[in-house]
Amino acid sequence: MNKIIPSFEEAVADIPDGASIALNNWGLAGGPQNLILALREQGTKDLTIITQNFMYTPFPEEVVVMPFMLLPQMKKLIAGFFAAASRYAYTTNLPAEFVEMEKVLEKEVIGHGNFVARLQAGARGMGPFYSPVGIGTVVEEGREKRTFDGKEYILLTPLQPDFAFVRADKADKYGNLTYNGTCRCLNPVLAMAGKTTIVEVDELVEPGQLHPDEIVTPAAFVDRIVVNEPGARGSYEYTMKKLHEMLSIPEVRGAVIGQAKQMVKEEGDN
Amino acid sequence: MKEKLSEDIMALRASKEFHDGDVVNLGVGIPNLCATFIPEGRNVMFESENGALGYGGIIMVDEFEKVEIQYIDAGGRYFLPKEGMSFFDMGDSFGLMRGGRLDITCLGAYQVSETGDMANWSIPGDTSIGIGGGMDLVYGAKRVIVLMEHVTKTGELRVLKECTYPLTGKECVNLLITDIAVIEPTKKGLVLKEYAPGWTAEEIQKLTEPKLILADDLKEVEL
Amino acid sequence: MNKIIPSFEEAVADIPDGASIALNNWGLAGGPQNLILALREQGTKDLTIITQNFMYTPFPEEVVVMPFMLLPQMKKLIAGFFAAASRYAYTTNLPAEFVEMEKVLEKEVIGHGNFVARLQAGARGMGPFYSPVGIGTVVEEGREKRTFDGKEYILLTPLQPDFAFVRADKADKYGNLTYNGTCRCLNPVLAMAGKTTIVEVDELVEPGQLHPDEIVTPAAFVDRIVVNEPGARGSYEYTMKKLHEMLSIPEVRGAVIGQAKQMVKEEGDN
Amino acid sequence: MKEKLSEDIMALRASKEFHDGDVVNLGVGIPNLCATFIPEGRNVMFESENGALGYGGIIMVDEFEKVEIQYIDAGGRYFLPKEGMSFFDMGDSFGLMRGGRLDITCLGAYQVSETGDMANWSIPGDTSIGIGGGMDLVYGAKRVIVLMEHVTKTGELRVLKECTYPLTGKECVNLLITDIAVIEPTKKGLVLKEYAPGWTAEEIQKLTEPKLILADDLKEVEL
């Protein structure tokens, strides 16, 4: 048993037009950057992209690759948070056609908690479920509402993506995975939810090197693994280096540290 | 002299609500500043929606060398590691909120209503759907504290009979801290508990659409 | 912040008659033995016990303490598996009155997967949910059935016990927990699900000694911690020693190793 | 000479169904024996309902010194640690089954029906409610293999038109291995694929309530 695939191209080669693909997007690290690049390279069309945060990043592609770049290949977005690219229209490196594409994109955005709960239900092979979150808001529109014990709920359906792109810190060839810090985020949920789970990982270790109590994603959930070249584009080390290169420029430092979200919103926040 | 409270003072006032051992989620903006003002001897554990608990201080612009990209909070700010912190997946993070394990959430808002409704994720004309974690936070947290300026920069009221912007949650706000007042939404209506130095209840009422109930122990903001 | 409670008695002192209590029971280790003993000592009545496996154990109490001993204090059982004590009537140390008590006990037994899913829904603050498991079996009796996309489901309700008794391997005073081997089992789910979570732990470590990526239950889910005396009754070391004492007796060895379940069933198995 | 297959031979036959990399759950009884017969070069990962994957061999009575109480499988048997094994909670364990990540489950049963229904958790007069994980296993596993004796010790039939005992699952059995035959439930009915050495299809039919369809390539059990 060896789930290692030699290249990102090969790992995504069988993804057909119209597939649904789920991936993590929160922060610069923890996203499957090279899998995204391979999918763009392949040009697969009519994708449904499932990710907690879908937004344009002001960082250049050489620093970080995010799901936003797949927009020209997308038919639909399922997300917890969606920030319109038009908000970034003042930045220089946003392609104008992206703003137009985004407008016509089919979108299903239901908040982070309901979003992740749908993936968890899919991961566990469960059916629809009732959520108490979103009652009295736009989220309840068009959804079944029902009262249990005097409390209102909305009915949500499970999500089981055709492919999950997972970014992990360490893996063995069987597919046992660990994560580092907040790069964990949605990744373990995705690994369980994907019908086929493809992992981009920074470090390959021998079976037995990960302590069995410390493994976060057990091997059963993993189908394919591609190992990032140390220091190469998309690796943790590379992204860290690029970020610090940007931080070393005093003019952009403030925008990078702690103000990522202020760039998105005019006032207030959630 | 009648001044409005600074963002720091608002944050300081909010941080008085934190008890030792509380699990607290801080939204982006003024709420984030609360982390700086935790009273001596109180160990407050900060929770971030992306899956972190009990982490250390936020890295400031002049300490940028300390940034590690795997230590980022929900608002995109980098933090320092701290003894006793933990990481978990986003499912457990939102489970923590909805399951009743989040003691306090501090959030910014656009509007708060007489019944404690709040709106903080969308303004008219916005083509974004920036729901994010707000609905879960205000549903799940035991206490919801809103920090916002009492009126907009152009003078429009934000404490309203009914919110006009899309809601984040209904009847969810437990305490509203603005730059001129501390207000508690109750079943009877909004109770004015504290006022900024130099402000009168009448002046605050003028900038507030619903009728304010004056607390028996109405006082100047205590810090 | 320090969640350490000096004794098991104090840790359970506020549990009122009629409370619901959830605990792990699978194997000899991984169960909150001293919390169970303290609850028996306290004599709290009309309990609803929530555990994945409820069965009499042929092991003497000096070896292992299991939820079964709370039977005289119980009003109701919610479980995934229930083996009647009458099956063990031939063993010497089963009190005869237990067999009678068990017959009148109110029982809700729905299989392991549905059982744990109910606790997970409670842990996550979710409402009722539809499960595909149990369709066409006794489990669907008395439950709402509904078809989505041509597939049948039953409706299950969440479980959020008043108290969760959790057994962990290591803890710090904030309540961060790790587990060892299959002693993990239901424990992390219970820690999340309990309205109040009380932990029995073998080893107390300083905050920071558990790596933040390796913590399984984050501190937010834990309310109280009691530390087992090293080597004392109920500790991992003690149970291990007692088990090996039993294993050293050739006559009982076969019954202990690998035949625990054969003692329950006449033929076949699940 | 017409003998019935031993439990070991039944287990050996079942283990031929396992492929390299398969995640396999083995029930108590005959299924447990399969672990001993994994073909050379195939790395099969065993999964246990209580939250273990990829563990090592089961500890036999004569190796009792090796027992560690934190290494126990769902049937109460102690196992050895193995490189690449992992532990997880019971929620993830049942999620793994229902979510489609369990390739094969091998279970014992009391009865199997013409349509592939099976009954394995309760017999008449039993006051236990021993459902356990069976319903999840037969719902979730990609392939359900039942290993059981073809008739009871007292000669009662167990391969029936309809199960008379409470069901574990409907139309869930993919392969039935008994001590005299290998049978595949299909939409058309039960297909007799293999017979124990010395047994004829007629003899097997006599011990089977529903009409057996003879496979085109009906043959002696291949091991």
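Per-chain residue numbering starts at 1, and chain names A, B, C and D are given in the order in which the chains are listed.
Rule of thumb we're sticking to: contacts are C-beta pairs under 8 Å (C-beta built on N, C-alpha and C of every residue); 3 or more make two chains touch, one makes a residue touch a chain.
Everything quoted here is computed from the prediction, not taken from an experiment.
Common partners of chain C and chain D, by the touch rule above, are A.
Distance between chain centres (mean CA atoms), chain B to chain D: 56 Å. Each chain gets a centre from the mean of its Cα atoms; for chain B and chain C, those two points are 39 Å apart. If you average the Cα atoms of chain A and of chain B, the two centres end up 27 Å apart. Annotation for chain A: residues 117, 120, 124-126, 132, 179-181, 184, 212-213, 216 touch two or more other chains. Contact with two or more other chains is made by residues 87-88, 91, 94, 97-98, 139-140 of chain D. Taken as a contact graph, with one node per protein chain and an edge wherever two chains touch, the assembly fits none of the named shapes, being neither a line, a ring, a star nor a complete graph.
Chains touching one another form the pairs A-B, A-C, A-D, B-C, C-D. Residues 26-30, 52-53, 79-84, 86-87, 103, 107, 109-114, 116-117, 119-120, 132-139, 179-189, 216, 236, 239-240, 243-244, 247-248, 253-254, 257-262, 264-270 of chain C touch chain D in their complex.
On the side of chain D, the complex with chain A involves touching residues 20-21, 23, 43, 45, 47, 53-54, 81, 83-88, 91-92, 94-102, 139-140.
Those residues of chain D lying in contact with chain C across their complex are 27-29, 32, 48-52, 58-61, 64-65, 67-78, 87-91, 94, 97-98, 107-110, 117, 120-121, 123, 126-137, 139-140, 148, 152, 166-170. For chain A in complex with chain D, the touching residues are 1, 3, 122-126, 160, 172, 174, 176, 192-193, 195, 206-208, 210, 212-213, 215, 218-221. Touching chain C in their complex are the following residues of chain A: 117, 120-121, 124-132, 148, 151, 153, 157, 178-181, 184, 211-214, 216.
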